[in-house]
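I'd like to ask some things about the structure below.
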């Protein structure tokens, strides 16, 4: 049993808290969150102690930190943990600023501590199975990838104002999946964004509806479509076309019930949002990280993956303004 | 936290052990199993203590017992627990003998302890959702029910010799679902069995392939089909026809991946067997039972349900011999 | 171009009329129907001439007759056509009376004319593909067959009064498919019928809701379920379980459109009834018959198939009364 | 019965020939094709007469011409027919040259004859149902459209050399569907093409794999993906996202048969290519045109639709070279 600390008990933090509390190899020793009420609830449910950052960093029993706090605190916490030799699991993005991201990565590299970025979708059972079958050559060389990624509801204006914009907060996951599925790094990226759904996005100079095309050096192509609102829940699909066929991974439905009635045949909507849809992937990514720390293996999703996805976000912002393919160097 | 004991750490017992170890409201205090090696493994994994029946029964801190041991021990353990005022969760069947079943039920009733029979399928999310929609009137009055229930592989001759036959071990679950879905008690039952799959069944005078028709007093009908072997995993489906439509609950697949290739479009096989397919229902039935004990509510699946399903098994055995509708009094 | 005559322009007759008018190898020369208005409409649409039976039978240019008139006229028309050496396509049943059926078959046999019974489902592309794959050994030896066959709406009391009852009019098709899929002749049949849907059935001593189990000598089993009313259109499905897997042929939907909305995911209902669902099979059975007559091959669906299905109907009627397996000799 | 002439009996021409021969309102009087052998076959099968263009144009009984000959002949034949007052059904594209297209359209407009362009997909039952449901407001205002359009096999080098390139021959249909589904005209278009599949495309400066993004003035977006080769048949799907939900129209499969075996669950591949997949739409577009000519209504798919799709092709060619959004004026 290794002691661990969780920073941040917002929506994703609470998912991690539950998975850490259940995990047989670690003890959720501390939680840190400026919201005392939220922290108290999670502490009560998990048996963890509420602590401040200094206490955590100075406790040599704490071998791992899980950073799910506000984005602007990620880099600082990660660097502090690195300095103390603690293994780091960090939610994306590392930082909204690329230079600051690089400083953080340098500190982590210097400390030589394990670092995993929270691209949980890599651990979704369906996406992982698709990727393994791709790697197994089942459809030959990849030619095109199509990623559908649509949230069920827009963010509030407050939440948006504190964030990095829809590309850095939402599309970043899709950029990581694009890299993962293409099997080659993108070298060009085209983006276009619109304001069709929720005025708060336009107000902040952001987009609520967007499409992307990425292209690799050999000519492989990837399309992504995003929206911040569906009527039917979280829409998360990947389709990969190769020389010998196509692999699709679709949405998961809560039950297998189908109704045949006078209005047609109907089945459940997809799960509402990421907490439900990616429940298994959140547990699996934590499990992967803990297992890597325990065995000394390197995590499969690295700080560099986080950095590369952020570079694609920057290119997307530039392209949405320029209306042209922006070059990408990864 | 209430202390509980688990009797039996065979396949189903181990599923319960895992769910009990993870459950926040109970402590898996003891496990009892004549197989020392199996017991030791589960004890090590869960932190439970290996004990004998007497110790468990005499420990007043043990509020609940979970009986997943060999069928012939069910009634005796249940009666001993009842005598000590412990709540009882018992795997089906209570006993292969109806008279012995009745003695056990009488003892439980006299003791006034909570008793839940392990008809886990009642807690399967898809079957439960189907049932709730039925009860909500979504398809009007039920007219016909079709239950498909097929195991992936035959039992060994040894396992068969120690069991109660395929109707009492396998179909009993389907009989419970038939009662649950029909919304009226069956009054007649027709059964026919064949030996097409595995010679050990025929050798023991049993069937490996069977079909059933149940009928209620008002004329509602239910068909069940069983086989002890599929090529494609566990096949568990329910279809209910009512005045205003049909509700189906189908198999669950491990992933949502689909492959389009030169041989067609393919997706995953269903889960291999009950441990995987009914993982959620095993957890949910335990949770229901613990919550009932905690709150004083009566469990939704009772000893009487276990007894009635057993009566249907007896009628099925008689019908398979007589070739006619056998009357059933529930 | 061979001249042909169509007897009967009711619902099925009109389907045949359209297919005959479009067929490149025949000319729809005559139609015969006591309903002058209906006959006139079809004659106008197809260019056929309205005639009486005598004219048709005495016209040596008429090489084939298609009998889709009232059931009680089938045997007489078939025998008259046989006597004149004309090839006969006859809707099922040949006659409601088995003795009369045998007389008709004898006359046809004596005349040596081609005879095809209108079991159109044998020519449904999906059922035919399923059967071919069965015959190709794709799932090994057949063990169980499940046939779902449900009409969208009950017959009127008038229509029922003039017919042979639901087993002889509706289930007869399912009995033929059962024989076709089992690959062995049934030797026992169990039936149970209820009155849950429409009082006119009960009034006439008939059933509107029924279930069946057929069994072959080697122990293969077949279940059929019937209802005269669905809320969602015509429900026609076949499922065959064999040693190496399962083959299913399901309903066909008018379009591939799916709607994802706040109430779930919905798609089209199945086609409303046989005219739409079996459009291709009606065309294909006619085409098969014409091709057989042209080339001298024997039709794949014979008078004997019609007779055997009728024997199964008789056994079903007996079983629904006796409550037991009735023996069947085919 | 109106006399009609068919120009061209290549693959699509033969589809039209069959539909015209079966159509109750017209007589396929003439066919014109420089390939005498092909013409002879179709003439024999349909009863049409082989003729030269002059004869056809000078026969006042010929009320309609169907132009399915080589692309370079379209405009000349259309102008000749217009001059003679004949109604014109013309395969796309009208001409590869936009100026020539405009001359043709001017001639048709001046003559005032009905003109329909062969965008058959508008008449596909599933796409048409989707469009009607869009127009009925079922998912509210359109926000994004995703079109998947993939051919089963590349063209030969010979065929490519004589054609207008993959955008003008293949994507043109998708551009028409994009306009149809977006409900607003595109004002910008981005395209990128690769050579991943078949060297003959690269050799001719063309692409075998391409992606597109179209954008309307209000910010609606449409993605198209194309490939000239699949392993699994013709892939033709449309997905439309609106404020209140999503509508999808997927591929059609030849049968409803599903196989459950040890390798998973499999069903049929989609239809191989357009002749099979769009069989109903080819018949329906002809029927629509004939009905328009008969009743004096204007065809739903006009010369202007053909011209606008061609303008989108030109923009796509420019964008694939420039790497930027190209403006489009429709």
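The letters A, B, C and D name the chains in turn, as written, and every chain counts its residues from 1.
Everything below uses one rule, namely that contacts are C-beta pairs under 8 Å (C-beta built on N, C-alpha and C of every residue); 3 or more make two chains touch, one makes a residue touch a chain.
All of these numbers come straight from a predicted model, not from anything done at the bench.
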Chain whose mean Cα position lies farthest from chain B: D
Pair with more cross-chain C-beta pairs in contact, given B-D and A-D: A-D
Whole-Å separation of chain centres (CA-atom averages), chain A against chain D: 42
Distance between chain centroids, defined by C-alpha means - chain B, chain D (Å): 58
For chain D, residues contacting two or more additional chains: 139, 230-232, 235, 244-246, 260-262
Chain A partner contacts - residues on chain B that touch it in the complex: 22, 125-126, 129-130, 133, 138-139, 244-252, 254-262
Touch list for chain C against partner chain B, complex: 139, 141, 143-144, 146, 148, 150, 188, 190, 192, 194-197, 209-211, 213, 215, 218-221, 223, 225, 227, 229-232, 235, 241, 243-246, 322-325
Of all residues in chain B, those that touch chain D in their complex: 230-232, 235, 253, 260-269
